[in-house]
Amino acid sequence: MTTELKKVGNPSSVTQKMTLIQAINDGMKTMLAEDETTLVLGEDVGKNGGVFRATDGLQEQFGNDRVVDTPLSESGIIGTSVGLAVNGFKPIAEIQFMGFIYPAYDQIMTHVSRLRMKTMGHFSVPMVIRAPYGAGVRAPEVHSDSTEALFTHMPGIKVVCPATPYDAKGLLIAAVKDPDPVLYLEPMRSYRSSREEVPVEEYHVSIGEGNVRKEGEDVTLIAWGAMVPIIEKAAQKAEEQGINCEVIDLRTLYPLDKDVIAESVKKTGRAVIVHEAHATGGLGNDVATTINDQAFLYMKAPINRVTGFDVPVPFFALEEHYLPTVERVLKAIQDTYQF
Amino acid sequence: MTTELKKVGNPSSVTQKMTLIQAINDGMKTMLAEDETTLVLGEDVGKNGGVFRATDGLQEQFGNDRVVDTPLSESGIIGTSVGLAVNGFKPIAEIQFMGFIYPAYDQIMTHVSRLRMKTMGHFSVPMVIRAPYGAGVRAPEVHSDSTEALFTHMPGIKVVCPATPYDAKGLLIAAVKDPDPVLYLEPMRSYRSSREEVPVEEYHVSIGEGNVRKEGEDVTLIAWGAMVPIIEKAAQKAEEQGINCEVIDLRTLYPLDKDVIAESVKKTGRAVIVHEAHATGGLGNDVATTINDQAFLYMKAPINRVTGFDVPVPFFALEEHYLPTVERVLKAIQDTYQF
Amino acid sequence: MEDKFPIKRIIDDQGNLLEESFKDQLNDQFVKRFYYHMYRIRTFDRKAKNLQRQGRIGTYPPFEGQEAAQVGSALALGPGDWMFPTYRDHGAMLTFGADMSRTFLYWNGRVEGCVPPDGKNIFPAAVPIATQIPHAAGVAWAEKKKGTRNLAIAYFGDGATSEGDFHEGLNFASVFQTPTIFFNQNNRYAISVPIEKQMNSETIAQKGIAYGIPSVRIDGNDCFSVYFETLSAAERARNGDGPTLIEAVTWRTGAHTTADDPTKYRPDNQGIDVVEPIIRLERFMKNYEFWDEKEMEEMHVLIEDEVERAVQEMEKYPKAKVEDLFDHVFANPPQQLLAQKESYLEHIKGE
Amino acid sequence: MEDKFPIKRIIDDQGNLLEESFKDQLNDQFVKRFYYHMYRIRTFDRKAKNLQRQGRIGTYPPFEGQEAAQVGSALALGPGDWMFPTYRDHGAMLTFGADMSRTFLYWNGRVEGCVPPDGKNIFPAAVPIATQIPHAAGVAWAEKKKGTRNLAIAYFGDGATSEGDFHEGLNFASVFQTPTIFFNQNNRYAISVPIEKQMNSETIAQKGIAYGIPSVRIDGNDCFSVYFETLSAAERARNGDGPTLIEAVTWRTGAHTTADDPTKYRPDNQGIDVVEPIIRLERFMKNYEFWDEKEMEEMHVLIEDEVERAVQEMEKYPKAKVEDLFDHVFANPPQQLLAQKESYLEHIKGE
């Protein structure tokens, strides 16, 4: 299930402190340098280097044939990327914010994800779609959506979402090397929130593998992207109250790492799932049914979910009330533990 | 939560045998006759009476100002309907097949469902979007999608799906009268599969209310739309094997009737959920988490889901293998019962 | 195509009247009304930029340089008309009657900023590019069905013309001959993307040909040209003659938003030849003796006062209510949403 | 606009040569090649309609009446070019080299019908209207990047021009000057909606102006006009001169699909004046002495044989494999999908 990739050297040998967004930039740079067919395209990705500077310096280094400013046209970006991908290129298409991916939904749903199926593999669409997602940065409306579930429900595309700089570069490279289309979601809120040592060389983080960031016995906490720091903090606070949490960062949203989920929950018998998308239809439900399917007899308490509410992501004056907080997660941990 | 509606007379007084699609047609006719602001618009809905004849005779009766053939332009249909709805009209917009709703996804996601929220109720979008959905009629690709979960995850729009002619007319009228936008999904496969007595007068079926079609003690079966006949048949067969099933037709997909689900499962302790959409991200997961949240201690077996596979709805040669069958449901009932 | 769609103007850069036929209409009161509104929205705009710098509001997209386009078009509208602005058209909204303190509120992340004064048909600024264009076709279609003489005007940028919704909206308006004005502000950039990379057509006006929609290209920094061309498009719309596409060629003086750095992508000195619209009008007023230093100064003071008061009002505004997160999603909210609300209100009570 | 885009034709309804300059090129072999392909796809099309009636394939959208447009355009392509057809363009696909039995298979609900012969760049027929248009821009852009002389041709109907993807695709092609031919078959109906309700522009050709894309309007029932105009668009594309929009005016003789009843929406006798393209070519051949009754009859027999054999092959084709439901979604399928497959194969083993 994971991509076959050569491990280049020892990835930890030479490292550099990077933010998450720098790691993404570095991942793209690595791939642009490695393979001539790799392209970056999207609105403002060229001269401007992206509205968040994710593509900073890439056009200067690789030319405007390989790092391309496109018209303001999401369906056009994805639709032409299908053509580029089918015809020998590896497009990394940027959608400026996840909330602006909807005009391209048709292309992704009926072509990006289905072309391989409908031609029995004769044509394939190896492309990466990058999109910053999520609330918490006081952005205007629609800029803060977290609608990964619209894509995990769609067969034929993989979905990844790094929470750390290391995973950001490693997953980006894995996504570019993957023969299938990959949606690569970037937690805007974590773009510059911390730095970590990231190998300067090429390496990858396998698609489909979750990560146990902290082991624990009592309650399993599961999240991804910008919610990982939240569950980590909640785990710390719970610890102070004598509740020992296991912390899982899913990293890949489709396909889910069902093993890592099931194994953990079989041990703890309790799970709290956290995401910023709405409860109804959220990916947390898939995690929950995974637990139902694989660990039913181990469960000591109902699965608890802490999520965004079933309301549109609000204008930013209220976004702190929309987003799961450490306090809400802590409360859920306590409720679950004391059930 | 349910719409305030006057019950006109005794709805069962005068009835007529109708197929599901005739009942839909009759529902639209009733509303067009009752309220001048009601409009029907979409591709081929006028002179042609719809590609399935759902709007047959409506343009003749109400004129081409009220029953309007539009250009081939889903985003245009929904986008202009937003304008019509905001400005005093009640559009019933047809999307010819659910698989062609994706070009309008942006309009539905960022405006239809959010306009009321973002204007604190100053503007609202009381409109109905009708779309035939589902496989099993040997249609070309993309014509058979069942992607309700893309809309139940979207706050601000209600989603209904009738399984019977009676509910079809009653839910259509409720949808038209509802002050909020409603997505009205039509099980293509059931359009003409049976007839039942339908009141000729105006009546409604409340949005948000599921229906227990058959009471039972051992296992709760839950479905909607074209899968209702499947679970009914499976219940019959299970009965022959001594397993007594309760059969629930959800009818409304958002908001879910959590009470009817919880009550039943508390009684039976076992649930089999059936839908033709993909397992991952399917609405079945919401039913499952409802059970987890409300009936955890009553569960005697893991919740079982019988769904379409995590593959695009196939070309029709293989659709019978994609769709849940009576046999697959029966097997799930047995597994659950014997757990 | 540039010769098929010459840029129309009534006054030139130096404030000279080019079209004598308008002479009588450009009387004292008339001219000062334009100046007043342009100065007013300029003051608002600069204030908003400052507030953002001070962290008192969120990211803000200035419209400086586009005042003539926004004021000229908004003044041509009637009270029953509908306005469909973008995030950069708060100048047009204010001119058409939006509340100024609420407009500041909008940029402070408050939905209250989307609620127009009663009787003012102003839609919330469209954030997803071009999505408002079909709305304007739909609302206008409704007016036509009702038999009124009202119209809808949709504002959008040069970048917006690349989106499918631009195309679908214009096609609907054309097929149903709706009373809609498609008002394009071609400020020559979509964030960092210059119009030459956005499209390969010489003008935006020529895009009307695709739909058989009459179109016109005007100097968007000439408030009078904007006004009179919008007015004649409005007249056509009211008379049942359908939609019009107006390309108002203008220039975004500053950054795309307060988060943007145009030196990253704009050549040095690009645009320095553009005479911005308020200067141009001032020149005209001076040339033709409409300018009264003292009167203008008084006007400026009044406007600055108004803007200050609006800021104060915005900042005195009651804090955003958590209930509002839940209360406006549905007219009749589902039980489960009410349950989420209750449980969350309960949860934060302790805090 | 109709005068700006006059309908170009080389032979008229009665089979008279209108453009003497083409006289030399229209030699015996050349002309018969067109006749052969048009008769061949006609035979395929009628057979498909019959098979559908007999329940041997699914719903089928006949292209009768559009043979000249499909054959003329397909014959103008080179071997390295890319074709992006719709569900109604199996005539073009067959002419360009698609396998006939697989084409029947497609209409029998089999993905095998989407797999082109090796080396033939034929995309699966686009079912969601207009979505193939940006693909053709993208594939052509790739050819340009590679520095080849290959092009992409996108087929689409009059109705497709209303979709956003038509607009976005043409704009991309124009901005990046991709070697793409946008080949419109204006058959004057989109299911039941006549072109007058689809758009308010007199022609489809004029839509090219919106993008600065050269366009031409041709008689789509004149196979030679289609051929030579496509050829010159192709020449321009190959030479780096960018995209072309071709409006081929034609007529859908029959129903939209076998599930459609055109008497519901078409006025009586509409279209009876249209001389369908094979008759027209036959007249031309007779007028200019290319017609050899015996040779033609032999050709017909050969073609009918080919079509029969293709039907037999289709019907002898191994049954659809359940594994194919799962095996082609991903190059490297996730574990959980393999698990679904295994468990389902296990489940049906008993049956």
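Going in written order, the chains are labelled A, B, C and D, and every chain counts its residues from 1.
In this text, a residue touches a chain if its C-beta (ideal position, glycine included) is under 8 Å from a C-beta of that chain, and two chains touch if they have at least 3 such contacts.
None of these values were measured; they are calculated from a predicted model.
Student: What is the chain whose Cα centroid lies farthest from the Cα centroid of chain C?
Tutor: D
Student: So using the touch definition from the top, which pair is joined by more C-beta contacts, A-C or A-D?
Tutor: Output for the comparison: A-D.
Student: Please tell me the distance, in whole Å, between the geometric centres of chain A and chain C computed from their C-alpha atoms.
Tutor: 36
Student: Using CA atom averages as chain centres, what separation in Å is found between chain A and chain D?
Tutor: A distance of 40 Å separates the two centres.
Student: Centroid from C-alpha atoms only, then distance chain A to chain B, rounded to Å. What do you get?
Tutor: 32
Student: Rounded to the nearest whole Å, what is the centre-to-centre distance of chain C and chain D, using the mean of the C-alpha atoms as each centre?
Tutor: 44
Student: For chain B, what residues touch not just one other chain but two or more?
Tutor: Chain B, residues with two or more chain partners: 70-71, 73, 75-76, 99, 102-103, 106, 110, 117-118, 141-142, 155-156, 254, 256, 280, 309-312, 314-315.
Student: By residue number and range, which residues of chain D touch two or more other chains?
Tutor: Residues 111, 127-128, 162-165, 168, 171, 175, 197-199, 324, 329, 336-337 of chain D touch two or more partner chains.
Student: Taking the touch rule as given, give the residues of chain B at its contact with chain C in the complex, in rising order.
Tutor: Spelled out, the residues of chain B in touch with chain C are 1-3, 65, 70-71, 73, 75-76, 78-89, 103, 106-107, 110-111, 115-124, 155-156, 158, 178-180, 208, 254-256, 258.
Student: Inside the complex, what are the residues of chain A that reach chain C?
Tutor: Those in contact with chain C are residues 43-44, 46-49, 51, 69-76, 99-100, 102-103, 138-143, 279-280, 309-312, 314-319, 321-322, 327-328, 331.
Student: What part of chain D is in contact with chain B in the complex they form?
Tutor: 58-59, 87, 108-111, 113, 127-129, 159-160, 162-165, 190-193, 197-199, 259-260, 264-265, 320, 322, 324-326, 329, 336-337, 340-341, 344, 347-348, 351
Student: Would you tell me which residues of chain A are touching chain B in their complex?
Tutor: Checking each residue of chain A against chain B gives 75, 99, 102-103, 105-106, 109-110, 113-114, 117-118, 141-142, 147, 149-150, 152-156, 254, 256, 277-278, 280-286, 288-289, 292-293, 296, 299, 301-303, 305, 309-312, 314-315.
Student: Where on chain D is chain A touching in the complex?
Tutor: Touching chain A from chain D are residues 82, 111-112, 114-116, 123-124, 127-128, 131, 133-143, 145-146, 152, 164-165, 168-169, 171-172, 175, 324, 327-337.
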